[in-house]
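Shared chain: chain A. Partners: chain B in the first complex, chain C in the second.
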Partner chain A sequence: MSAYSVNGQTVEHDEEGYITNLSDWSKDLAEVIAKEENIDMTEEHWAVVNFLREYYDEYQIAPAVRVLIKAIKKSMGPEVGNNKYMYELFPYGPAKQACKIAGLPKPTGCV
Partner chain B sequence: MSDVKKFLYVNRKAPYGTIYALESLEVVLIGAAFEQDVSLAFLDDGVFQLTKGQKTDGIGVKNFSPTFRALGDYEVTKLYVEKESLEERGLTEDDLQEIMYEDEDDDWEEKPSIRIVSRAEMADVMADQDVVLSF
Partner chain C sequence: MAADGDDIPKLSHPLEIPKLKCGAMEGLQPFIAAPEHQEKLGFPGELVPNWKEVALAKMAELAEKNRAFQVYLDACVKCGACTDKCHYFLGTGDPKNMPVARQDLLRSVYRRYFTFAGKYFPSLVGARDLTEEVLQEWYSYYHQCSECRRCSVFCPYGIDTAEITMAAREIMDAVGMGQKYSNEIIGKVKDVGNNLGLNPKALAATLEDLEEEIEDDTGISVRLPLDEKGADILLVTPSADFFAEPHIDGLIGYAKVFHEAGVSWTLSSYASEAANFGLFIGSYENMREIALRIRKAAEDLGVKRIIFGECGHAWRVAYSFLNTLAGPFDFLDPKYPVPQHILEFTWNEIQKGTLKFDKSQNDHIKLTYHDSCNVARASRMGDEPGGQFEIPRNVIKAVCNYYYDMDRSTTHESTLCCGGGGGLLTDDLMELRKKGASPRMTALQEVTEEHGVTHMAAICAICKTQFSKVMPAYGYDMDSIVSVHQLVSNAIILTGQDGDDDDSEDETEAA
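Here is the complex of A and B:
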């Protein structure tokens, strides 16, 4: 088990980088995780991350990538909610990487 | 598409105490990626899975009942609940949470996913399937 370091505190994560305790999440931690993933957080990244956190809060699951993109398309429009753009934002998979930054568990069915 | 099969996931157990209910829901969510015709059936103590106002703090497990409301996003829109099972447990449709889906073929109108059926109708639902998975 290793840990992220944020503002002098340590936050444990699993072997893939997903944080162990969901309540440890903060915006500063998200920036730290993003850095490890080689992502510079822009407004668009934040929009996706915030969307995922809201989805989890409401339904208690991280959505599958297909569901995520469809939902983003509905709430933020087709210029954001499409495969190409989402993979530009999160090259290693929008659901996988964005969930990690959002402090959520790995999406169900994601291997 | 001709290779679409009708899958029915049958849920007979109470939501907590065993892992069956949660496992069933996870299999449904994972299986949804295969774009089959998926339905869920709730009978016996399985009807308790859909009750509203579940609070699990006291037993230290996650309340996964809100996840049923995400099923519409996964195009799982048929949740059959057996009327007799509800009645035998002193429950009515009003005790179940509201689960809606947006109908793509009807201008995204919101429609209820839960369908209350009699025991005889449930038998017909089951007979109509290609694959029945029991939890």
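Here is the complex of A and C:
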């Protein structure tokens, strides 16, 4: 099992880079994961990551893509809150890549 | 090996036979299932020390229990009819992705241990010992088959090649070498009720959100009921319909159709999954356990009918096996088929004239239709042979003005797999998925050039996700793949909605 290194600590992740212990997550770790994914975290990235974590806290699962988009549209406006822009922020998809950075489990199934 | 499918082939025709690239996909293997995923399904957590004996015993058991499997192993005469029928072979050029060669990875071992000639003269009959290398080769190439059964259509002996892949995966599960993607998902169905791991609270919240969205869009209150006892219809749909794009637009379409038809219906949080990955890994026990959830939900909710949403292999399991896996369904209303497909329901309503459409709402796009493999080759819809081909097209044509079929050698019973079916819709196989999609993408490009087709519709959650991921590699936007009921949703005029005028000339065309 491989691991991220953040502030002198190691944080284990699975074969695909999702952290194995969700309580290991920190903002610094998110920056480290994002770097591995070739993403520079901006305010917009953080809006997505923060919403995902809030939603997960309440529902123990990531939201549907359109629920996420609707929430971001509300908080950041329609220029950011749309499907196309989400993929610009997270080229590998707001569901999977953003979840990885947010320290959530990978959505599984036919998605 | 190419990173992430960078060298996807450019084909001059969807079925162009590639130059052979020996070993091109050798060593490509999806992630192995973790012990906790394996054990939840009743399989050993990791490779057992006496794996060879266990594998051969399992093979013997399968051959004895399943006569068809033994016939498939014995009957092949290497005529070659299947060699160029696999989308993974066409897309990768790897000769081991020729169906006959893939099957022979297992068949050669069967011959060595279970036939007279193979036992005494192995080299004469291409029989080989079961070794660690062979096991690794199985793991690699039996996860480069999507069990789509296109090759079977062309086999003069009627060998169901998918059964060989399923048996190989069953043997690998038995020795503790399962695939992470499929087995983790089956575990989630057992724990939570669906592939996604969507719990009842989150499911209810998602459905409420969609109800709000429909009301915002149309001004009409359309319900998406959950766990409502006494409803007439239980809708069982892939959990991707609660999560992914464009699947969720299909779900909205089902809800609008039910609303306009005036029927009572409900989803179930216990059976919140139509997909049944037990089929993909060839495990009857797991397939049955998943199917029984649907029966229990139908009984607990007291429904009269079961309808399946847009999901390819789910419809195969439902149409072909549900009764033997989880029947008899004598508690349901015998007036209706058990189960029914949402497209059968919608098409019936269109014929009855209960649905009103404004087809011009789909005039911004030109459509083609991708027949999903399990619907096309392993099931039927309606009362007429070929209904599984005609009914989806009829519904699309009832709601869209611009529809064009792709090359006939790539549709209907000869349809090509999307490239992500059979348990291969996983990121660790993305290169294979992109290459395997090339025949279908080439057929799509042809109708784009000829007729200006912009979008492709499908009725399978796997197809939809697969295409939304691979289409950008072929020059299409990810939203060029649409749900059939998304098109219905676009065009349907709800009673009381703006544009709903009984005197209007836009009345339903299909009455």
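By definition in this document, the second predicted complex is superposed on the first by the 105 of 111 C-alpha atoms of A that agree within 3 Å, B and C clash if a C-alpha of one lies under 4 Å from a C-alpha of the other, contacts with A are read in each partner's own complex, and residues count from 1 in each chain.
Everything that follows uses one rule, which is that contacts are C-beta pairs under 8 Å (C-beta built on N, C-alpha and C of every residue); 3 or more make two chains touch, one makes a residue touch a chain.
As the structure is a computational prediction, the values presented were derived from the model and not from experiment.
A.B. asks: Judging by the criteria at the top, classify the pair chain B and chain C on chain A as clash or fit.
C.D. replies: Once both complexes are aligned on chain A, chain B and chain C clash.
A.B. asks: After lining up the shared chain so the two structures overlap, which partner does A:Lys96 touch, if you call chain B first and chain C second: first, second, both or neither?
C.D. replies: second
A.B. asks: Decide which partner touches more residues of chain A, taking chain B and chain C as the two options.
C.D. replies: C
A.B. asks: Which partner chains sit in contact with A:Tyr59 here, chain B, chain C, both or neither? Use first/second/both/neither.
C.D. replies: So A:Tyr59 meets both chain B and chain C here.
A.B. asks: With the two structures laid over each other on chain A, which partner does A:Asn83 touch: chain B (first), chain C (second), both, or neither?
C.D. replies: Once the two structures are laid over each other on A, A:Asn83 reaches chain C alone.
A.B. asks: Would you check which partner chain A:Lys70 touches, where first means chain B only, second means chain C only, and both and neither mean what they say?
C.D. replies: Once the two structures are laid over each other on A, A:Lys70 reaches both partners.
A.B. asks: Which region of chain C runs into chain B, 38-46, 56-64, 74-82 or 290-298, after the two models are superposed?
C.D. replies: Looking at 38-46, 56-64, 74-82 or 290-298, the stretch of chain C that collides with chain B is 290-298.
A.B. asks: Output the chain A positions appearing in both contact lists, the one against chain B and the one against chain C.
C.D. replies: The answer is residues 59-61, 63-64, 66-67, 70, 108-109 of chain A.
A.B. asks: Which of the residues in chain A come into contact with chain C in the complex?
C.D. replies: It comes out as residues 15-16, 59-61, 63-67, 70, 83, 87, 95-96, 105, 107-111.
A.B. asks: Which chain C residues qualify as touching chain A in the complex?
C.D. replies: Going through chain C, the ones touching chain A are 31, 180-181, 184-185, 188, 194-199, 201-202, 205-206, 209, 213, 238-240, 242-245, 247-248, 275, 311, 425, 427-428, 461-462, 464-465, 478-479.
A.B. asks: Name, in rising order, each residue of chain B that touches chain A in their complex.
C.D. replies: Per the touch definition, chain B meets chain A at residues 26, 29-30, 32-33, 62-64, 66-67, 69-70, 73-74.
A.B. asks: Quick check on the complex: what are the chain A residues that touch chain B?
C.D. replies: Result: residues 55, 58-61, 63-64, 66-67, 70-71, 108-109 of chain A touch chain B.
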